[in-house]
Amino acid sequence: MTIPSDAQLREILVDMVIARTQSGRLWNLQRQGQVGTVAPVDGHEATIVAATHALDTEHDWVVPQYREPLALRRYGPEILECFMLYSLGHPAGGHIPDPIRVLPNQISLGTQIPHAVGISWGMTLRSEPGIALVFFGDGSSSEGDFYEAGNLAGVINAPVVMLCVNNRWAISTPVHLQTAAESFADKAAAFGIPGVTVDGNDATAVYDAVDEARKRALAGLGPTLIEAVIYRLGAHTTADDPSRYVPPEDLEAARRDDPVLRLACHLRELDLWDDVAQEETEAEALGLIDSAFDAAKSTPLTPDALLDNCFSTDTQRLARQRFQLLQARMTEAN
Amino acid sequence: MTIPSDAQLREILVDMVIARTQSGRLWNLQRQGQVGTVAPVDGHEATIVAATHALDTEHDWVVPQYREPLALRRYGPEILECFMLYSLGHPAGGHIPDPIRVLPNQISLGTQIPHAVGISWGMTLRSEPGIALVFFGDGSSSEGDFYEAGNLAGVINAPVVMLCVNNRWAISTPVHLQTAAESFADKAAAFGIPGVTVDGNDATAVYDAVDEARKRALAGLGPTLIEAVIYRLGAHTTADDPSRYVPPEDLEAARRDDPVLRLACHLRELDLWDDVAQEETEAEALGLIDSAFDAAKSTPLTPDALLDNCFSTDTQRLARQRFQLLQARMTEAN
Amino acid sequence: MTDTLDGGTVSDLTMLQAINETLHAEMARDDRVVVLGEDVARNGGVFRATEGLFEKFGEHRVVDTPISEAVIAGATVGLAIAGLVPVAEIQFLGFSYQAMHQLAGQVARLRYRTQGRYEPAITIRAPFGGGVRTPELHSDSLEAQFANMAGLKIVMPATAADAKGLLASSIREPDPVLFLEPLRGYRGIRGDVPNGDHLIPLGVARTAREGDDVVIITWSYQVELACRVADSLHSEGLSVRVLDLRSIVPLDIQAIAEAVTQCGRAVVVEESCETGGFAAEVVATINEECFWSLEAPVVRVSGYDVPYPVGMLEDVYVPDEARITTAVRRTLELG
Amino acid sequence: MTDTLDGGTVSDLTMLQAINETLHAEMARDDRVVVLGEDVARNGGVFRATEGLFEKFGEHRVVDTPISEAVIAGATVGLAIAGLVPVAEIQFLGFSYQAMHQLAGQVARLRYRTQGRYEPAITIRAPFGGGVRTPELHSDSLEAQFANMAGLKIVMPATAADAKGLLASSIREPDPVLFLEPLRGYRGIRGDVPNGDHLIPLGVARTAREGDDVVIITWSYQVELACRVADSLHSEGLSVRVLDLRSIVPLDIQAIAEAVTQCGRAVVVEESCETGGFAAEVVATINEECFWSLEAPVVRVSGYDVPYPVGMLEDVYVPDEARITTAVRRTLELG
């Protein structure tokens, strides 16, 4: 068992508090009409942060779903910068720059799992060290892509860690309507790979599980499916009203096991955390997101950027369309 | 455990011998250029016939892949009639008449599994007794449809029996390249339903497993995944050359466990089978397929049947196309 | 509720309300109708299109499925075979890609493959279309791709009344129907909707504005924009007809031919990207049916040949009144 | 092997041999190229297109996958991100429906979603097309559907030499390419193929027959039929040009405009069903680019608006020389 050091735990907590704080700010920005749909991170912090703290950022890839970005700052400040652009609806938000090994958000559920298998497979083909860690929700596990990817990963022994974030809900659909399997980890049997369930609110447990899966993968022992059991503490997104379907008593119970509070408590006991640390971290978080937001807002965008990066070079048709687009803009400007 | 009676076993053997014999004839017809691609049934007889003999033909549905039709005569002679039309490429081959509860061949692998789940679900919604039995190959189990359907069936507790016919090959791909799971039955864990493996060359074992799964389903206990382990004794289809990839010694071993020979031996010991029975049954099989083939060949077909049964009535466009088609035919005729 | 000339009554409803009411009415009328999809039951749908159905018709007839578009579509085939009338929702049309092998390969072909043994009385509802800043794959207009998959009817209402009349027809139709609901129209389109049974046959286009200088041919939300353009150009003395196709399969070829013959000039508007969009089919149909009455080439107004973009570029991508107006003027200048 | 005028040598090959040789050459040239798909390794592909690759390049670079089209396509995205050059096979184009969410939603959009951070140097090969009595979904021509999915290039060679030159370009291309191989052409088309490196840029149409009375615009196997029609009408004194598009995305708009401008009359031939087929896009393009030079409406020759049929009806469905000839004659009579 590999346990993160107290110093590491503190770094993990810092990232968790930052994620929680920034997620709250983003929610408010959405409510003010400043950014598009937001999927809050609340309740996911320990799982995402601890999992990625078990990785080697230089070699290991992170393939997120959509709830993770604010909790990936270990991979660099560019993640937040891009995420703010993305939240504004700026195309540059999708361009997480080289050499950061993090893919942009995935909206089409489950489709990122084959990508992660492909990346990790590619690394073995090129004899590169490293693994791919892919996040996906309990709901996404019902997509064919999850199963096809898990099955292929088992056959080719890909160095991939499949992390199912079981937050008990897929929008309004509770896990017992998502699957009759005893656990999501059980689905590993279908792929002939190990499946483990961890308490996703326990940063140490998550870190350990990912660390072990990663070591197995690097040792050529293939993929692992990890289920991190947590509870979605917020709404699905800013477009959702969970009071329509989440039983208040369940939410209440889950709040008592809030992963941020839990780790903060632990570190307070060790005298590694206190109110000042909390406040300073929150302030830092807000400073970071606000300046990222300002930077994003002032990132230029020309209308015909619409046509960039579809192909490596414009086809005849795209060239015509670019001409038409610019002409239309000129007409309007006049 | 429900064991078929000796009389039932004899009926099963008759159907198996008929399937084997007709499959051989069909192969020859293909070689003579008289019918399209043929997928031989050799090695699958015990599994298909015994499984369907455990069903109530009046209420239970059979949803085949493509290797089953010749072994489904328990559901009526129309199955063979349609299959011969199908083999000729006549559209009527797809119309297995009411009230026969057998769907036509499925070519798009795995897509029939959701259909079977839907049928069985529909029966419960209409409070009708009966189950759906769906056949699919080891290879087809890698399609997302298998998993999505199995998972849904688990959640809604559908009265469906999912029968994975593991004949060890998917064209040239052996099972160990198809999945790293220990068995195909193991995949049931992903759906939270029971999974059982049976010797698919043992008619009694197959009958018993299907009978039990059916009773569970009818009792409202939901779906079962059954894996029948057999060996594909023939080519994948008439378009395939298995000598390129099937190890001769494996095939040799499998032939020693030929399901038809095995059951025939057993019934010979009980004095329920002998050379005369074998020959008479083979002759009957040939008589049946030859007359079905003749009937199929003389089934009329007008060119504009091409446009029938796309929609319930012709759209404006289809009406125009029908006119054009008939006009074109007239021009050619002149 | 107000009275109409022909004795019926109407209610002022949004398109979303019209859809919701129709689902209620059809489920009450025919107990073979079942509704299935992601979040359609307890949550009443992410846009509330299925609101109240679960409470009224219960968990057997209104079913929250796992997130598995392929099996949502695939199960409808089985449900139809078992004698039910499934109305499935794909949460956003872009995720019909996950179900394409079932939609194109199975739902669309059930009648054909079985030569009429089974009736695919299946309706697949899905929202789509731009203008509301959704994340990727939520807004994509894929109707042209579906139109090339023989066996599917594709219905795309533009008004609240049509949403009711066409959805009721779609559910009662023995052929499989893809019923596409414009996201911007859910709350952005409202109008008088006849109360009681209201059926509009599939395949009959609607003249949304009379006119004879030029006809704008379009469908779904773009009809709204086309009408605004027609109204505003009217004040300039231009007579712009708007033809709302209502369904692209069946296509009302006759209505297209008539309109183009009378106007001599046509603009076709769509939200999909240009290459291979359904506007191309309309142009080809015009070319076949009434080439000689054309006084100028038909002009297409489409999205651009790139994936549906992120929010800040959405308004550049989706045809708007300005682009439609320019196209109409250009058509009139040509030739 | 024979010598050509320009000093190169050629071999007489079937289209299948040309494809197989090109795969060998590209794998030898660039060790980032990996081949994956169902039965592509040990069996050399169900049509032998990948024959010998497994023996030559080994199990790491030539991989038999499970029967999972979605993950075959999806894994190419990851492989490309990891710096490889995947060449995946979908055993028959009809089964690309199983992978549509990966092809349309991911492969086609990787560059766009990441604004050029990742290069989707991905090639997806798939056979398709009629005339060889395959079971359902093996023959369907789905190119128009893909053409409406922005971000994919769609290459459809008609000769053995082009199969080589275009496949090599496709593999080296930094954009994702869907490379579609006509089943009837595998053994039914043969011809001189340049030895050594032979590259044909994507998006440049080819004049397969010169002529100026009418132009037949088509692609893939139908080019073969169009040429036969042109040759046979030549004896009647008709001068029929044949334009082979080679790729439908990128579309050589200029070549289409030139040909139509010079001939004044055009026939577009395709195997897909008519509604929403790519012929409609060609007609719409002609309408936009050279309407005024048209002396008659463009005539489409397509499959009918039904699912690809069973064997006995196949010859009624797929355009043949008779239908193309009739269309050419009709075009000449019109106007």
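For reference, chains read A, B, C and D in written order, and residue numbers begin at 1 within each chain.
Keep this in mind: a residue touches a chain if its C-beta (ideal position, glycine included) is under 8 Å from a C-beta of that chain, and two chains touch if they have at least 3 such contacts.
Computed from a prediction, not measured in an experiment: that's the story for all the values here.
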{"item": "Distance-maximising chain from chain B - centres being C-alpha averages", "value": "A"}
{"item": "Between the pairs A-C and A-D, the one where more C-beta pairs touch", "value": "A-D"}
{"item": "Between chain C and chain D, centroid-to-centroid distance (C-alpha), Å", "value": "32"}
{"item": "Distance between chain centroids, defined by C-alpha means - chain A, chain C (Å)", "value": "35"}
{"item": "Whole-Å separation of chain centres (CA-atom averages), chain A against chain D", "value": "39"}
{"item": "Rounded Å distance, chain A centre to chain B centre (Cα mean)", "value": "44"}
{"item": "Junction residues of chain C - those touching two or more other chains", "value": "66, 68, 70, 94-95, 97-98, 101, 105, 112-113, 136-137, 150-151, 249, 251, 275, 304-307"}
{"item": "Overlap residues in chain B, where contacts from two or more other chains coincide", "value": "91, 94, 108, 142-145, 148, 151, 155, 177-179, 310, 315, 317"}
{"item": "Parts of chain A lying in touch with chain D, wherever the complex brings them together", "value": "91-92, 94-98, 103-104, 108, 111, 113-123, 125-126, 128, 132, 144-145, 148-149, 151-152, 155-156, 308-312, 315-317, 320"}
{"item": "Chain A-touching residues of chain B, taken from the complex the two chains share", "value": "142-148, 151, 154-155, 157, 176-182, 186-187, 189-193, 222"}
{"item": "Complex contacts: residues of chain C adjacent to chain B", "value": "34, 60-61, 63, 65-66, 68, 70-71, 73-84, 86, 101-102, 105-106, 111-117, 119, 150-151, 153, 173-175, 203, 249-254"}
{"item": "For the chain D and chain C complex, residues of the former touching the latter", "value": "94-95, 97-98, 100-101, 104-105, 108-109, 112-113, 136-137, 142, 144-145, 147-151, 249, 251, 272-273, 275-281, 283-284, 287-288, 291-292, 294, 296-300, 304-307, 335"}
{"item": "Contact set on chain C toward chain A in their complex", "value": "38-39, 42-44, 46, 64, 66-70, 94-95, 97-98, 133-138, 274-275, 304-307, 309-314, 316-317, 322-323, 326"}
